[in-house]
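You will see two complexes here that share chain A, one where it goes with chain B and one where it goes with chain C.
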Partner chain A sequence: MITAERKPFEQIKAVTDQFENILVVGCNTCVAVCLTGGEKEAEQLASQLRLQRQKDGIGGSVETLTVLRQCENEYVDAIAAQVEGKDLILSTACSIGPQLCADRYPKVRVAPAMNTNMLGMVKQHHVWTEYCAACGDCGIFNTGGICPIARCAKTLLNGPCGGSQGGRCEISPDVPCVWQQIYDKLASFGIEGNLSRIGGPKNWAKSNSGGPRTMKKEGFEP
Partner chain B sequence: MPGDARLRPPCEVACPIHTDAQRYIQLVAEGRYADALAVVRETNPMPQTIGRICAHPCEEACRRGGVDEPIAICNLKRVASDGAKPAGIGYPPPDNDVTAGRKVAIIGSGPSGLAAAHDLALMGVQSVIFEKQPQAGGFLRTGILNYRLPKNILDEDVDFIRGMGVEIRTGVAIGEEIKFDDLAAEYDAVLIAVGLSESRSLPIPGVELPQVLLAVPFLEDVNAGREIPELGQDIIVIGGGNVAIDVARSAKRISGGKVTMVCLEADHEMPAHDWEIADARAEGIEMICSQGPNAIIGEGRVEGLQVKKCESVFDDNGRFAPSFCETELSIITGDTVIITIGQMSNLSFLPEAGPAVNERGILIFDREQCTTSRRGIFASGEVVTGPGAAVNALASGKRAAVAVGKYLGIDVNFGHEPVAIAEVPADVIGKIKSAPRRKMPARDSGERLQDFEEVELGLDEVDGRCEAGRCLLCGSGARYSELKCIACLTCVRVCPYGAPWADKDGLGGIDPVKCQACGICFTQCPAKAIDMVMLTEEEIAASIKAALGGGGELELGCWYSQSRVAPDAALVALPCTSRLSTNLLLGALESGAARLHVAVCSEDDDGHFVHGHRQTRAAVAEAKQALREIGIDPELIVLEVVPARKCMGNSEK
Partner chain C sequence: MKSGSTLEQVLADGKFAVTAELGPPKGADPQVIIDKANILKGHTDAVNITDNQTAIARMSSMAAAKIVIEQGMEPIMQMTCRDRNRLAMQSDILGAAALGIRNLLCLTGDHQSFGNHPQALGVFDLDSVTLIRMVRDMRDGPQFQCGDEITFAPELFIGAAANPYADPFPFRAVRLAKKVDAGIDFCQTQIVYSVDKFEEFMRQCRELGVTERCKILAGVAPLKSAGMAKYMKNRVAGMDVPDEVVERMGAAEDSQDEGIDVCVEIINRVKEIDGVAGVHIMAVEWEAAVPEITKRAGLKPGSAE
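Take a look at the complex of A and B:
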């Protein structure tokens, strides 16, 4: 799941203060599941903005609505009537949402209310942790089902480094050394010796180093 | 799937008139007695009477019974009416008009006849009730004693019904002063609701002795305050039902002597309610069980009752078929016998033209349509249902009112039978805070035997509201929208009771049987896919707006707290302030609140809802942070710990 966090209110306000009629658009998919940008949070942000603008004597309106997924043309197009007359769309989706809104409503200014941060999984309720870097060339079979690219601070493919101390990463005692975890996991299968083999080069062209990526499912084009 | 919002609390389903007990109990918890009484009145034409003498099948069905003890629903009905009265607002006459034309004659002013007249009046149909006794009320007046149902209470219920345009002609016996056929000719419909006004006797030697009395005339004499010269000092009451208990307790009060009840049934089989038996025993009444009357002995006057051992009362099919050991005889000495073995109706007023009776002298009757064999003649109450509780007679009368209304061309229908929610599952019971049932205070048994004044004193305000706070709000909790649910699992993770569930496809729901209506899932759902059956988010927001009226301070309080945290502020009370989402708090400020006082239980003491206070604290903290971010003083929202919490089991008097 994509996770995103709301920007500091000061940053949002610096943008919204310039506009009169604002539509806060929530997204009820990834950012709702990570409890930061779904319908409830979008309403909360809209309420905050109204209270702040009332206090600061800024006129105009702040309305809100939420679509199921802000990364789909159809859902974003479906709010055209509500976008009508607005000066600013403030999106609480991951960065895809405001970009698509900007694309579909070219005459309206669009701003993100969120900082998109990772592809994460729910470690426990209210806590998410990064598990995938979307490198485009998944090799976790060889690393015990653990991704060193997303979960090693140095993105090492041949760790651990000298900063691994007592199973912890040198960046923080709270962060486990993923290469220690990989070693332990392979050892549990008795295959830790695989680590001494030389692997082939990783195809970084499939990551975003190769420019913006597109994906196509062949054969069923409409 | 177990998410059916139509499931109703079992108290309401068990109630013969389906009173929405849950709703009035919650209003009692809030101390809103007049509103509570209005809810009772929606279905119950005699709330004060029933609040004192009801057999309360609702309490047998109450789901709290599976946790500790059932809610004292009947006593709370009395709290509602007692509490509403001092303000003088408890008995507003309904806005009905019975001048439209059609008239119905009702024979009998017992609970069934009164209920029918009441409901017909609400339909705009005027009724004239004919009562052969000098006062209205039927067996409620002649058969139930003042110590259980004070006459002024019954009078108030009857007067209320009179106030709706119902005419009650007392001292008029149909068949004597007015012929039945004349009545049928004059009125558009006739309802026979004559009850069971005559006692059954026993075909045993000695019943002709002057000290052998029958229950109904005995109770009529007691209620009318007439002397009963035959009554001695050593009284034997034959019978083990509720009427026998009333007879025994009355005889004890009048004679001051010894009273012994003798019944066929074994101790555990006695047909009287357990609480009635306990009350009688507390007053020193002895009970001799498993004995059948064989003969009343005495020369010219009663000297005792010969009994034979009763081996069983019912046959294998559960039918009444007592078998005796004819050789095991014994004598119970006594100077008076009162026979209380059952009652029958007197239908001698019916003409040959019908309505017809069967070979056993019982009115032929269609239970669904309340009709008799003669067109336009209906029947209700114990004359057709047999003996039962007063609330059953009300139910029968109410059904008859609908039947008569339909017959008169009024657009009314019989209601649908509600379906009850299942009992609280074992894995949830342990998560519900236990709280003892509040006991009804009563006069000391020695003192109360000296007179016929009311025995039960009524729960006081603190106990009444505490008792109401025990209600589990069955079926009124969270409901989710399948369309809006994003299967995020938040509800599954935050519910203290394990009510929400989801399968591998993200399909799930919230099991209403497990849900305890705390609202935590509702306030946390990020997609706003969850709302509450009772008190939706929209309703809370609307009541906040209405209470504020545009400005001023607002207390967001708790139903169960009996003290205000901001007595001068406007009040919106909730089952738990855990139902306040951050958005509702900010919304209240947007609606113009100058300050919000949010009531909360102390951190180490859950109130009615497990973990409710944690949710309240989290929402308030988040709302304060939201205010800080926008440069507004976070102290506009004040968390106020409810001092010396007086809810449920923790009342401090």
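Take a look at the complex of A and C:
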């Protein structure tokens, strides 16, 4: 899923202090599952802001609501009545949410309450770890179902590099060496010899480096 | 001959090669390089010019290599994949060859989090292996990575690094073989302190036919103090410093002198290993140790014979 974590309250306050009537908009999809920007968290943020603004003597209102998916027009368009009269939409969705709000409500200022960080896997309760870099050219069949683009600090296609020791990456003992994992995985199938084949160079044109991407499903053209 | 490099000639003649390291300054003063070059001159066949080593911004390896050439010495220009994409790398490779640089060492590079610009974007468009293949194709094609023709080939002796002490150990010789397949002519290893493990690595290299297709220079480095020995053992990724070396450094009265002795003993041992074609002495910011090491080890640069 897409994971995002909330910005520090002070950073959010520095923006919201400039506005009078604020609508905090939560999203009940990815950020709700990662417990950072769903209905509950959006309401918490709104009440924290109300209390702080009362203390600071800032007038106006802080309302809140949550939509099912902030990345789709129909859900964002459905909140037009609540947006009416607001100066700021504060979104607790991933960065797609505030961008879509800015697009659908061009006269209202929009701010993100979140930092969107990765396409993550739920490693354990309340711990997510990056598994995909959305590079547009998946090659994990050759690497034992493990992605070195997202999970190797140097996006190597011919690892492990000389910094791999004891299964750990050179950048931190907390980071596993994904190429050690790839080696072990292939060895478990008796095919670690495949790693003597040269991998890459990567075609980055299929990634965001090739420019913003659009996906169209064949046969469903509007 | 592929490159007209002295190092290539020395190794082709079967002479034992000696290379050292010369780190460019954190400033624009060419005199720093000239001073270091003067210490190393006459004691080495070629000197490695590091490329923003440990991800710390310094004078470019190409510029420093050119200054070294002006001092009558031969540079081995290092190039990492961390700071440039394939376009920048290819233009630098052509530029380096045009400036008379004849040796290129292809590295992935330390991660930017180690250096003084941890907020920098790590490029890693290529890795060391795909960089090697690109340089080989530029020289022998001659063609760019995209397949377009190169009108005047860069004549380069292509090198890489190998770390016998990284994991998984059974893969280290295989990975070097991969670099040989990609196109290297020579390699320099990580610093050898544990000779036993290095011997096993070399045995695997011989078994894979690597030593027939690639000249291997064993990396060595003098320890300056017991503290440095401990630091290398515990803090530097991919290093293996045996306890006995740390203890010896701790017990020494003159630790610099002892460090040089340890280094010389390691040189004498690795020289005897089948397939070792030379040594690469990494006395970083201690260039003065190099003439002393070569003297005590009785090493003359192959090019001086």
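Basically, the second predicted complex is superposed on the first by the 218 of 222 C-alpha atoms of A that agree within 3 Å, B and C clash if a C-alpha of one lies under 4 Å from a C-alpha of the other, contacts with A are read in each partner's own complex, and residues count from 1 in each chain.
The rule is simple: a contact is a pair of C-beta atoms (placed from the backbone, for glycine too) under 8 Å apart; a residue touches a chain by one contact, two chains touch by 3 or more.
All values derive from a computational prediction rather than experimental measurement.
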{"item": "Combined model on chain A: chain C and chain B, fit or clash", "value": "fit"}
{"item": "Chain B versus chain C as contact partner of A:Ala153, first or second or both or neither", "value": "second"}
{"item": "Contacts of A:Gln44 with chain B and chain C, given as first, second, both or neither", "value": "first"}
{"item": "Chain B versus chain C as contact partner of A:Lys55, first or second or both or neither", "value": "first"}
{"item": "Partner chain in contact with A:Thr29 - chain B first, chain C second, else both or neither", "value": "first"}
{"item": "First (chain B), second (chain C), both or neither touched by A:His125", "value": "first"}
{"item": "Which of chain B and chain C A:Gly163 touches, first, second, both or neither", "value": "second"}
{"item": "Touched partner set for A:Gln180, first chain B, second chain C, both or neither", "value": "second"}
{"item": "Shortest span in Å between Cα atoms of chain B and of chain C, once chain A is used as the common reference", "value": "26"}
{"item": "Residues of chain A contacting chain B in one complex and chain C in the other", "value": "none"}
{"item": "List of chain A residues in touch with chain C within their complex", "value": "153-167, 170-171, 177, 180, 183-184, 192, 195-196, 198-202, 204"}
{"item": "Of chain C, residues touching chain A in the complex", "value": "81-82, 86, 108-111, 113-114, 122, 124-130, 133-134, 145, 161-163, 165-168, 171, 174-175, 177-178, 181-182, 190, 237-238"}
{"item": "Residues of chain B defined as touching chain A within the complex", "value": "484, 486, 488-490, 493-494, 525-528, 581-583, 586-587, 589-590, 626-627, 629-632"}
{"item": "Residues of chain A touching chain B in the complex", "value": "8-10, 13, 28-29, 32-33, 35, 38-41, 43-44, 47-52, 54-55, 66, 122, 125"}
